[in-house]
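A, B and C label the chains in the order they appear, each numbered from 1.
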Amino acid sequence: MTAVDASRNAAARERSGLGVFTQDALLQIFLIANTFIMLFPILVMVLNGFKTNAEIFSSPFALPNFQNLSNFEAIATGTSFVRYLFNSVLVTGLSIGFILILGTMAAYAIARYAFRGSGLLLLFFIAGLTVPLKLAIIPLFILMRDLGLLDTQFSLICVYTAMGLPSTVFIMTGFIRTLPRDLEDAARMDGASEFKIMRSVILPLARPAMVIAAIQNLVPIWNDFFFPLVFIQTESLKTLPQGLTTFMGEYNTNWGVLFAGLTLAAAPITLVYIVLSRQFINGMTSGAVK
Amino acid sequence: MSVFKTLGIAAGAAAIAASMVPASASDLTFWSWRQEDKSQYEKYITMFEKDHPDTHIKFKAYEADNYATILSTALAGDQGPDLMMVRAYGAFESVAGPGYLMDLDSKIPALDTFPKAAIKAETLRSDGKVYAVPFASQTMLVMYNKAVFKKNGIEPPKTWDDLMADCKKLKQAGIYPFANGTATAWQNETIVFALGSSIMGKGFYDDLQAGKATFEDPRFVEALAKLDAVKKYFPNGFTGIDYPSSQQLFASGMAGMFAGGSFEIANFKQQNPKLDIGVFPAPPEKTGKDALVSVFYDGGYAANAKTEHPKEALEFLKFLASKKFGQAFANGLGNVSPVPGVQFKSPLLSRIADLNTTSIPYVMLVDFRYEKPSGSVVLQQQIQKMMAGKATPKEVGAKLTKDLATYYKPFQNQ
Amino acid sequence: MFGMRITRRGLWIACLIVPPVLVLALFTVYPIVTALGYAFFDWNGAAQGDFVFLQNFRDVLFREPFATWTRNAFLHNIVVFAVLMVVQNGIGFLIAYALWRNLPGARFHRVAVFLPVVLSTIIVGFVWKLFFNPLFGLVNQTLRAIGLDMLAQPWLGQSSTALGALILVNAWHWIGFPSLIYLAGMQRIPGEIMDAARMDRDSELSILRRIVWPLIAPSATIVFILTFIGSFNWFELPYIMAGVDGSPYGSTDVLGLYFYRTAFGNQSAGTQDFGHGSALAVITFLFIAVVAGFWTVHLRKREIEL
């Protein structure tokens, strides 16, 4: 929120006197209650990760002994958690890499070169925004089988790249169009190749939009469960959300370990979010408020 | 394929090609959904390879939930394994029906000595030929905690009234008589047959088979009514208790009994090695009537009709049908093998094998999982509804009959 | 680039657009179009059989008991959508408004409300499933701790509460999203407009209704459409919390679950059928596309009128 907003609200408060204070108090209570509802379940999840089954069942609200790391040890030693985490990082990283490369290429062509059909092409990409790809899982499954990609992480990367392209092309095209052309024209004067112009003039300028596009794709890809569920079978290739279901099945009667596993699975993205919350919120809502 | 290999294409494709195309003349692939049995199967394969030094078999296990999809799409795309585990009954037919499997009729003499019900599980109804070597039977019965029974001075029940009396005692002692919950759909099918088989009786099953009875038959409805009556001895809020939670209640000793399949035993033992488990069949109405369990076959071992090594594949299947393997299977995996003459070391296992001699089939799986809607789907939903108090046993029977009549001829004129 | 002359520029443009177009064509357009085709065939598991034209559609829409199941799932999707519109988007609007007032701690509240949004549905589903356990779950334990034993129930086990519980979990998971989209819309309202309105001593409620709500209409359009698409694509949360059958006895069944169960089979109960599955996918897809399309046009018109 900007300083202008703040001062305006302050001014409003002065003008309408006490009524506003009551309102503010009510709203503050509402916000605190809401934040409590948002955070309490997550807190309980983390705390239960330090408890034994008996402790969870008999004293659910007590603080645990934080020195008791046996649940977390069970996960580190008894499961492929680290492997899942690595796979998720790999698949998400490569997918976002491909999305940014391919998305920027298309967006740059559409935004900068007047060629026949460029408007139609943009429409083609934007139409992709509306397709619920889950419903095409049967043909996708058969396609992956025929390409020999079933049970490989490349199948996921292909689908995620296709899923992420539409919004990325949309965001990037809009952004590149707002960039001034002077720098490119100057570079062209100097005899730089088109490739060089794209790489050393446009790419650095487009970086903020790329961050937004990357974050917008990060959360859905990192959290996706449906496509690995269908495509990936081999234990060592599973991503974190999918591995979590295997693990929940194996330890289904040891709640302490379950909560510890859920806590660990939630930790990476939560920590990144807390550090980069402003960028996350901008990134994830920006496609929507354009 | 050989072109691919000489070109040495991209690593991913090469790996796939390698898994499909044997490098030497006698490398065979063997697919399974039993990830947890991998090390045991590797031992069995070593046993086989000792006598067949030129044949190498590579075991690969997939996740059980997706195995059917993986296998049938691989077979449809000519990328299937040489050897594979297939399920039984309807799920077996979806693989055998399109002609993917090698016909084993009169190729494996040992199969002639297998129990008829086992062979039926792996026989295609349309041509009457057998396509897989059956590997294990599972039994629906009641498991009980011996220590809990002893402490409360109760014996495994002989009649339904005994069961209700036992339950009452346990409940008074502050123990959940049954650990079962109904939140997980398929658990609703297991409890019907684990608890109700003897009330239905053999006569009902024979009449059903002969097309002379439907699920509106009083014997079936009475079995459901008994189940409906025993639910007051299920845990509080049992409609919200899912499969893992009920396993937990039994394994931890908080509950005295678990109505379910014999496949649970290994899992209970693993969760609580000190647990002393006994089993008893569904109690009949009165003494003197048969106490029945209900039995089904898990699946079988099959060979790909298009394998490049039909001779080696058949050799391996012969091994899997041998008493030597049956014995190793029973010892190593703790399952009841259908191979005749196998001795069961564990007393629990041999007790279950005994009980299997007085049994009815696990009806819905054995007879009504070939078409849509499957009997299991309808039964599971309806029992869940009945247990929640939203349907009567009679209504369940009527709904089952009506929905299955859409394709099951004998129900259509009744 | 379509002419005879292949210029360097044409080649360069082709280099830029062909790869992304190919990826989208192969992994989005092709599967969607093929899904339509598959629905016209009979399938034996995953093996394609005869051309049966509309038989699969007739089955899932009119043949019993499939027709009842389809209708049941569809009605649940509508309930999900309606309740989320009120609860998730309504409370979301209130949160946005409260955050917009920039009270002390607003930044913290903003980060907190959005935190569940970044978590995987799998995590959220499993955590709440454990919380809803009738014997050991947090929800009933809390009720018992404050003396409300009467209210402790098997929330996910009874048809009267299961779907509601799932919808509330969904609202908990996603409420940060509409909140912050509305907030972004509010922050774009020019300060002068608000000042002028407050000068007129209008009540805050009427300012909200007459000024704020119309001005954030574009945000509302986005929120409504995404809620609609999300409600009819609902799969992960019921899959984790209620199971693939939509337990108990179909009271949490939705089109996504029904489609998945039909296409990929249910290992412990059913058969696998790509034909009925594809028909369901096509019907769902067409429904979403047509309704979302018309509604977007309508909402956009409203944005201008307001």
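The rule is short, and it goes like this: a residue touches a chain if its C-beta (ideal position, glycine included) is under 8 Å from a C-beta of that chain, and two chains touch if they have at least 3 such contacts.
According to UniProt, the chain labels map to these proteins: A = Carbohydrate ABC transporter permease; B = Extracellular solute-binding protein; C = Sugar ABC transporter permease.
For clarity, every value in this text was computed on a predicted model and none was experimentally measured.
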Chain whose Cα centroid lies at the greatest distance from that of chain A: B
Per-chain Cα centre nearest the global Cα centre, belonging to chain: C
Selected pair, greater C-beta contact count between A-B and B-C: B-C
Separation of chain A from chain C, taking each centre as the mean of its C-alpha atoms, in whole Å: 17
Where chain B and chain C are represented by their mean Cα positions, the distance between them in whole Å: 37
Chain A-chain B separation of Cα centroids, rounded to whole Å: 41
Multi-partner residues of chain A (each touching 2 or more other chains): 142, 230
Touching two or more other chains - residue numbers and ranges from chain B: 66, 69, 73, 245
Touching two or more other chains - residues of chain C: 46, 135-136, 264
Of chain B, residues touching chain A in the complex: 12-13, 16-17, 35, 62-63, 66, 69-70, 73-74, 77, 79, 244-245, 247-248, 251-252, 271
Contact footprint of chain B on chain C as seen in their complex: 44-48, 63-66, 129, 132-136, 140, 152-159, 243, 245, 247-250, 264-273, 276
Contact footprint of chain B on chain A as seen in their complex: 141-142, 145-146, 148-152, 154, 229-230, 233-235, 246, 249, 252-253
In the complex, chain B residues that touch chain C: 64-69, 72-73, 75-76, 90-91, 94-95, 97-98, 181-186, 189, 235-242, 245, 249, 369-374, 376-378, 380-382, 384-385, 388, 390, 403, 406
Of all residues in chain C, those that touch chain A in their complex: 1-2, 9-10, 12-13, 15-17, 19-21, 23-24, 26-28, 30-32, 34-35, 38, 46, 91, 94-95, 97-106, 108-123, 126-128, 130-131, 135-136, 138, 141-142, 145, 172, 175-177, 180-181, 184-185, 187, 191, 194-195, 198-199, 201, 204, 218-219, 222-223, 226, 229, 233, 235-236, 240, 256, 259, 263-264, 274, 277-278, 281-282, 284-285, 288-289, 292
